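Two complexes are shown next, each including chain A; its partner changes from chain B in the first to chain C in the second.
So, the complex of A and B:
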């Protein structure tokens, strides 16, 4: 019984982290139909920056967010303006896979070049700390990661629904031509959308670094599950991605008990296949045009 | 009348012909590689890029240091040794064609093995086909020795299954009341990691220890909270991890987060990594790990190796470097004893036969092999005692007293 409750809690915490890591990925697709293979590479880059920050200053890795979030936002805007926007609209989705694949390789190579392939982990004084109630242990670092995810997803949601820029962004997602007709500079908005996506990668990567061992090629392990999450959630829908992340995180944690780790991991791909067969537009989003 | 220019032309033509002719002649004597003063060439393929590039480079450093040391100390049979190292990119198809090329095209005199089980098996098959002696520094999993190779020798103290033998002996000798009664086993789906943990698991089962958790996870697993939840729920007395590196670190942190406190915790590979205490912090106390090599070990020739290597590379050698050096020592011992180093089947056959019958003194201790090339010693057991990793078993090599019950982490 306690194992079931414990796994349930772990699944919710894991789902929250997945939601944060996948949020940016679905945003890029929503705004620009870009498949961003390099998203997880940027996550690992942010994790490395947090690690390097802590190693150099001895301060808490969360403080590195002050620098990495604006840096990643700016990088995202520049990347969209200078690289992605030059791809031909007709082949954008296909070619963006190639382009961002190359960017992922460059990031992985640079990480290995600068910090070697040695596997690193931030040593936190509260790394193994846990809160216990009713026989269930909740790790402090996982709780922090979950909190980060909740706060940033809420902030993203409010930004998209309550601000002028968010409205412009959503208009661009729903109907770029109509948005242009009412005077929205869709090119600039797309740049901001990309920047926002990368800013979530900065937060997600730092959350990841709190509770995992990192190495340059780690991003290949993440991109598959994250892609599965956004397809199941409905491409371009942030609430959909969050919901799918929660369901799949819980599914993985609970399936682990009877099936073991190997089979529990396949739940992502099984969900992906089922989605593509039964409901290709995703379970939680509407049709692409009405996303968000 | 012929112009001076024409004469110059004839002269230079004649010179060029002589030069190329002599080049042909010298390459003829050099190509076979069996002339007296010529270097002995040793062919090696290593994973210098790809998945195994980190340990692959360690092995490369060990081989190169050994070659330099050998040449400084009179060479092999009075001849210098020369290494020819190719990069197999951690690819099993590539490693086979590399050894084909080394033996056929480059006509090397001897070969040394690559890194890791996955690459050792195809490489050893090529060496076997050509009748070459094949001493390898890193292929400890059972499948290496199940292929029926008679030319293969593993240059380390023990195969994966025997890594924990000293620990199992120690547990067996404990008074029955103190002995662990239950165990949790979590292993990576990897032949080496499985070999180590299942070797100990089998011994524990023989002693009547109940295995409460027996979990296998794929190498790409990054989240260990689920496995940790199962282990914590079982409350097993002893935790055995068949691990590499990041999996052990992530698993230990996940176990701490669930407040699981075993009486004994043993993990393969990771704890001996210098990065390990930096990742786990002060909570390493009492963690056990088998190791084939430490620079402190009191074996014949080890001090000389550590001094030479430290000066050569600037850092003390690790296990990969030591196993590479051991490979060099083993082949050198056979070559000096038999008195030949050439690709002819008679010479290679004699080298193989000699190693089957003799003991070799190496930096990892004296080595002998069974007919399949399994070394017949055991690994030392190390434990974190007072914040430092030290040898605790076997007693005759111990640097510190073993901590029988692990403090809380």
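So, the complex of A and C:
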């Protein structure tokens, strides 16, 4: 019983991180119709930056967020303005996949080049600490990672619903032409969308670095599940992505008990396949997702 | 009746075939010959990829799934069921084509984005499955496949035979591509590539057409993977189901030109040679990832149509212009008008119908 509860809690904690990262991934798709393969490569890059920061200064890796979040936001805006917007609109979806794939390869290669392919891990004073709670053991670092993800997701939600920029972003996602008609500079907004997406990768990467071993090719293990999540949730739908992430994160954690870690990962791909067969626009997707 | 340009094309094709067929005897040493086999294998895979990528414009980053499955299907049929190697190659490829049907149905009903996501996911899931399912696939230890030719056939001789087999497979695929390119089916596929909504509105059965092209592509890719497996004799999931192999196919086709028959072959020769050179000069360092990424980025940003269209447009610039505007001097025009007025009904207008539209529209 306690094993089940433990898995349930671990699933929720993992689902939170998935939700934040999938929200970023679906945001790019919403504003630009771009499948951003490099999202998880930036995630690992942020994890490496947090690790390098801690190794160089001895401070807590969470402090690296002060630098990485603005840096990644700026990188996202520049990437959209200088690279993605240069592609022809007619073939944007396909060519942007290749372009972001190329960026992912460059990041992976540079990580291996600068810090070698050795597996890295941050040594934290509270790294081994556990919270015991009604017979359930939860690692403190996992709680911190979840808290970070939850706070960021809440901030993203407030940003999208309460601010002028958020409204402009949502308008661009819903109908770019109409947004342009009411005076929204959709090009600039798309740049901000990319910046926000990469900022989620910066936060997620730091959270990941707290309790995982990292290596350059790790991003391939993240991009598959994340892409499956945004399709299940409906491409371009942020609430859908968050909800699908929670459900699939829980599913993965629960399946780990009978199947083991490797086979449990297949639940994402199974969900992807079933969704496309039964409801190709995803479970929360609107008009937008039907056409992609 | 052969026009000059068709004659030139024929001569070029014969020269290309002669060059490919004589390569084994020209290659100075067995190592270069083995590099030649690898490059031909890339050419086969890239051309197979181009059946879906070139005709429909749907970019699959996960075609390594089908080459890997083809290799494993062939290998497992030989090792576990003791099937004749060539029969196993054919049966394995057909099996993979069958597997591609549900995958295609799932990913092709909606537009591009889901297709890309499914294509990458498939490679990742297959890597996971083939690594974990050690009892059947050999897992991370790999799968050893016995050679189809007897022990008395030496290595250089093996390379030579497999080089020619790859050329034969490539020739079959090029012929199929050429035939489809000229068929009603091919026109429908190209309409989907240019504008899927309009194609659908005009009555092209888009989903069926895409599915057929996709399954055909998976079948040929599997055949290429199986042939490679027979030659190499050893399969490791990490190299078979590698995203990188899938992206090589894309880069090769894109660099050569996805709309041209021989584009993938040209791209495979360039990229394949570069990859082999990099491996020999720098080993398997992380640096080749950076080089590959940069090259792909440059091609996508600056040369999305590939080398062959870029060269053809350069050649066309020096040819007499095939303009759609009929050039008539003012004196001729006056003469025509006068004749028209004198002769009652303007017969000359019927004699000079709307100027033929040149075959422009190459985007």
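In the analysis below, the second predicted complex is superposed on the first by the 286 of 292 C-alpha atoms of A that agree within 3 Å, B and C clash if a C-alpha of one lies under 4 Å from a C-alpha of the other, contacts with A are read in each partner's own complex, and residues count from 1 in each chain.
As a working rule, contacts are C-beta pairs under 8 Å (C-beta built on N, C-alpha and C of every residue); 3 or more make two chains touch, one makes a residue touch a chain.
What you see is a predicted model, and the numbers here were worked out from it, not measured in a lab.
S.K.: Contact-wise, after the overlay, does A:108 reach chain B, chain C, both or neither (first, second, both, neither)?
M.R.: The second partner, chain C, only.
S.K.: Of the partners chain B and chain C, which touch A:280 in the superposed model: first, second, both, neither?
M.R.: Only chain C is touched by A:280; chain B is not.
S.K.: A:117 in the overlay: touching chain B, chain C, both, or neither? Say first, second, both or neither.
M.R.: Both: A:117 reaches chain B and chain C.
S.K.: Quick one: classify A:127 as touching chain B (first), chain C (second), both or neither.
M.R.: Only chain B is touched by A:127; chain C is not.
S.K.: Contact-wise, after the overlay, does A:231 reach chain B, chain C, both or neither (first, second, both, neither)?
M.R.: second
S.K.: In the overlaid three-chain picture, which partner chain does A:71 touch, first (chain B) or second (chain C), both, or neither?
M.R.: After superposition on chain A, A:71 lies in contact with neither partner.
S.K.: For A:137, decide between first (touching chain B), second (touching chain C), both and neither.
M.R.: First partner only.
S.K.: Looking only at contacts as defined up top, I'd like to know whether chain B or chain C touches more of chain A.
M.R.: Result: the larger residue contact count on chain A belongs to C.
S.K.: So, does A:262 touch the first partner chain B, the second partner chain C, both, or neither?
M.R.: It touches chain B and chain C both.
S.K.: Based on the A-chain superposition described above, do chain B and chain C contact any of the same residues on chain A, and if so which?
M.R.: Residues 117, 221, 262, 265 of chain A touch both chain B and chain C.
S.K.: For the complex, which residues does chain A have touching chain C?
M.R.: Residues in contact with chain C: 29, 33, 35, 37, 83, 86-88, 91, 93-95, 97-99, 101-106, 108-113, 117, 216, 220-221, 223-224, 227-228, 230-231, 235, 262-263, 265-266, 268-269, 272-273, 276-277, 280-281, 290-292.
S.K.: Please name which positions on chain C make contact with chain A in the complex.
M.R.: Contact set of chain C toward chain A: 57-59, 61, 105-107, 109-114, 116-118, 120-122, 124-125, 128-129, 131-132, 243-244, 247, 250, 254, 285-294, 296-297, 300-301, 304.
S.K.: Spell out the residues on chain B that touch chain A in their complex, using ranges where they run on.
M.R.: These residues of chain B touch chain A: 53-54, 189, 215-218, 220-223, 225-227, 229-230, 232-233, 245-246, 249-250, 253-254, 256-259, 275, 278-281, 283, 409.
S.K.: Within the complex, which stretch of chain A touches chain B?
M.R.: The contact residues of chain A facing chain B are 2-3, 6-7, 10, 13-14, 117-121, 123, 125, 127-130, 132, 137, 139-142, 211-213, 215, 218, 221-222, 252-253, 256-257, 260-262, 264-265.
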